[in-house]
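Shared between the two complexes below is subunit A, which has subunit B as its partner in the first and subunit C in the second.
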Partner chain A sequence: MNYTFDFTPIFQAWGLLAQGAWATVYISAISMALGLVFGIVLTALRMAPLAPLRAFAIGYIELVRNTPFLVQVFFIYFGMPELGLRLNAMEAAILTMTLNCSAYIAEIVRSGVESIRPGQIEAGKALGLSTPDVYRFIVFRPAIRAVYPSLCSQFVLMMLNTSLVASISAQELTYAAQMIDNRTFRSFEVYFVLGAIYLVLSQLFSVGLSMIGRVYFSYPTK
Partner chain B sequence: MSQTTIHMNDVNKWFGTMHVLRDINLTVNKGEHLVLCGPSGSGKSTLIRCINALEEIQGGTIEVNGNVLGKKGANVDHVRRDVGMVFQQFNLFPHLTVLQNCMLAPRRIHRISEAEAKDKAMHFLEQVHIAEHGHKYPAQLSGGQQQRVAIARALCMGPQIMLFDEPTSALDPEMVKEVLDTMVGLADQGITMICVTHEMGFARAVAHRVIFMDRGEIIETAPPTEFFGNPQHERTRAFLSQILNH
Partner chain C sequence: MCITTGFKKIVAGALMATTFMASAALAITPDELREKGKAVIGVQMDQFPWGFIDEAGKNEGFDIDVAKLIAADLGVEPEFFRITGQNRIPSLTTGQVDFLVPSMTVTAERAQVIQFVLPYSSNNITVWARTDAEITKNEDLGGYVIGVNRGSAFEPILSDAAPQGTEIRGYEDDATTVQALLSGQVDAIVGSKTYGIVIQNTGRGDGYEAKYKVADNIQAMAVRKGDQEMLDYLNDFVTRHDAELDELYLKWIGQDRADLPTELPGVDFTGKAGN
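So, the complex of A and B:
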């Protein structure tokens, strides 16, 4: 082996990597927030008393979870303009991420809701609370707490999945690395550093999410 | 004759093929204290759960304070507003403090201010002697304390009727008394009470009538002195001998 490692061209391009990393964090954070909201709405539909609503939610969840993310990205970015939905790469990335992760989040949240003892819901009803109020004020927080670790790992997974949107040239971290690779031909160094940055980002996400969890779920349990 | 509060007429209920309530006819007067007892699976918990529509019935009618509980949830809101319930497992909300547990329903349903809800909560928490724990979470309290909070939480809604579903069955023996004392105090204030319990001392002290159920039927109804002194039915005698003689 007579390859000489040289990381200097990569570090010289740090500005590009920093921009890419920021875009990755940005896409992830927005998709997480929106995905959580849609995921909760999907959970509500999934458990609704009306059969058509349940069928819609189940259909959506199964569709999303049984097709590849990359195909979904291509479909939204290249396919949807035929129906008049023209998005730039960044918008398409965020939309696909949101739609994708809401299905996974819905399944996680549902298992959280199902872990709540029926007595909690009965107590709320016996107090006279409406069903939406029972779910909003009584079920929600303990349900999310019960599945918070799974939610967090789903979020981290999502953040890592953003690398796939480089394929529609959304200018995030992996896209930035590809640019540097094309310029320098230092593939080993580029992707080594890229992996390291993702590792650091996922650790930061984990720590950040668990801190949020510790504040929001600070109540004691037995 | 005092005013009728609850009227159950030919109530029937099935869980699948199991007939859990058979032709239940029961009238409860305002201010009356009823104790319901019977072997497990006799339908006593199911009976009181029907009164605030936590269970649906398949036949007969239930009327609470003039509101008939209909099919498809008609009048359920009205009925639940008049009826408070205390559960065997307390069912306090773990993510809310004792005070927040008591304030949630009055704030959402009566739309009262936070300050007013807090005053009300403190009033009832004092009544059950637990006001000093208002800032704590349920997991930080003993079972007896949790059950007293559950009683205060129900009282904050100003119910005219209180249902107790085996309120002391999940408690360690040394905590039973504090909960029963609270319930006796409540009975003395004249609220209508229906209590599923095997605490026969409590039944003797506060019940106007004791009702014995077996296999979904009301077998016997009598004032406590008669019920314990001279039970009429064979099944009642067999049941009493099992729970009283050991």
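So, the complex of A and C:
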């Protein structure tokens, strides 16, 4: 038996793939933004002077980082309805992605904050900057700038992770591809094209994020 | 530089292997299986009561018993390979299994890619829903969110049967599809008649019922296209073991095995047409 490669059925279904790709970008972008905000809040809690706040943040981060993403997604989608919280697939996907990536982001941001030497904060205060300004210009921005490459790779990793939410019927890129595969049985071609689209998406995300970084962190350091 | 060359070689090798696997003749015969002493049989492991893993971690179910019967008939040891709705056709065409005992619906589209054996079982495609959902025919599906196993033959059947614009949600396998109904993520699901046994086993059977039969679902084993000797052997097996198959069906599905067709439009069970 000879297998002849045939990509036409996949390209015929490009509309489905485009919709799926858009959903993937949508889920990723929202979860990234929310995840960054929650991650920074978690970092603040993690470094708070009050022990219960620190304990909560550490507990949360450990819980999220030591359980599989797929289990978290199933728990929120199939488990939470038993407790009265019924989210549709898209909502459950975004919520889980946000909760998941905020824990990773918190750890990344914390390492950035810890790289700021106390002397710099004191120097800021000595120059007469207000406390919010010290935190904004001397702690937050340089901290994020120091860890920005790690943040970006975390974001890209997260975007790739969205492929897992197909299993709760969130209609993103992998879901679309599996639908096409189920109709055409062209597994090699479908997953080849799927991989290529993810590759393009990650490149776009990387370029986009590094452009944002270049604008936001363009101040001189020395 | 050495690393780059090495890497290039690996990539080239991998590509060649892929092409080779895709195009090589993977044919097997019953004699070759007897010589090896074992047959790798693709079976489902998450479809109660067709093929599943029991509490002791052993393969059980209708398909498993059928597969064991074939192995005994061939005089080989069965080795079970886990197939899912998504991977069963590729696992056969890429040579990971010798043949499938998959409780897989016979469709003309699939028959273009793999070779079906004469049908050995059937299973009505049924709409299951909450008792209070008012669903009696295809047109009623439009008012509800409908779940389906998206790797299955039920999915295209549902897409055709449901009115335009029906919200259809596809899940990974039968278990998650039933779970979606039970957790209220969907109002109804379309699939196997035997979902009822699964729902009953969760202890929540009272809240759900079978609404109506969408279509017949004729199931058959499958071999690779061109594996003529394997096909002839299994066709003969299905015919010879009629009584045992009846018995196994009654044991697992709890009903009498229906009369099965030996001809279906667009499907060639002899392996001879169009070759």
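Convention: the second predicted complex is superposed on the first by the 209 of 222 C-alpha atoms of A that agree within 3 Å, B and C clash if a C-alpha of one lies under 4 Å from a C-alpha of the other, contacts with A are read in each partner's own complex, and residues count from 1 in each chain.
Operating definition for what follows: a contact is a pair of C-beta atoms (placed from the backbone, for glycine too) under 8 Å apart; a residue touches a chain by one contact, two chains touch by 3 or more.
Predicted model, so just to flag it, every value in this text is computed and none were measured.
In the superposition on chain A, A:89 contacts subunit C only, with no contact to subunit B. Look at A:122: by the touch rule set out above, it reaches subunit B but stays clear of subunit C. Within the superposed three-chain model, A:182 lies in touch with subunit C and out of touch with subunit B [touch as defined at top]. Contacts of subunit A with subunit B, set against its contacts with subunit C after fitting on chain A, share not one residue. By the touch rule above, subunit B contacts subunit A in their complex via residues 52, 54, 77, 80-81, 83-85, 87, 89, 91-96, 104-105, 108-109, 137, 139-140, 150, 153-154, 157.
Residues of subunit A touching subunit C in their complex: 1-3, 5, 77-79, 81-82, 86, 88-89, 166-169, 175, 178-179, 181-183, 185, 187-188.
Listing the residues of subunit A that touch subunit B in their complex gives 117, 119-120, 122-130, 133, 137-138, 141-142, 145, 217, 219-222. Residues 18, 22-23, 25-27, 85-86, 89-90, 93, 109-110, 113, 147, 150-152, 155-156, 169-172, 176, 179-180, 183-185, 224-226 of subunit C touch subunit A in their complex.
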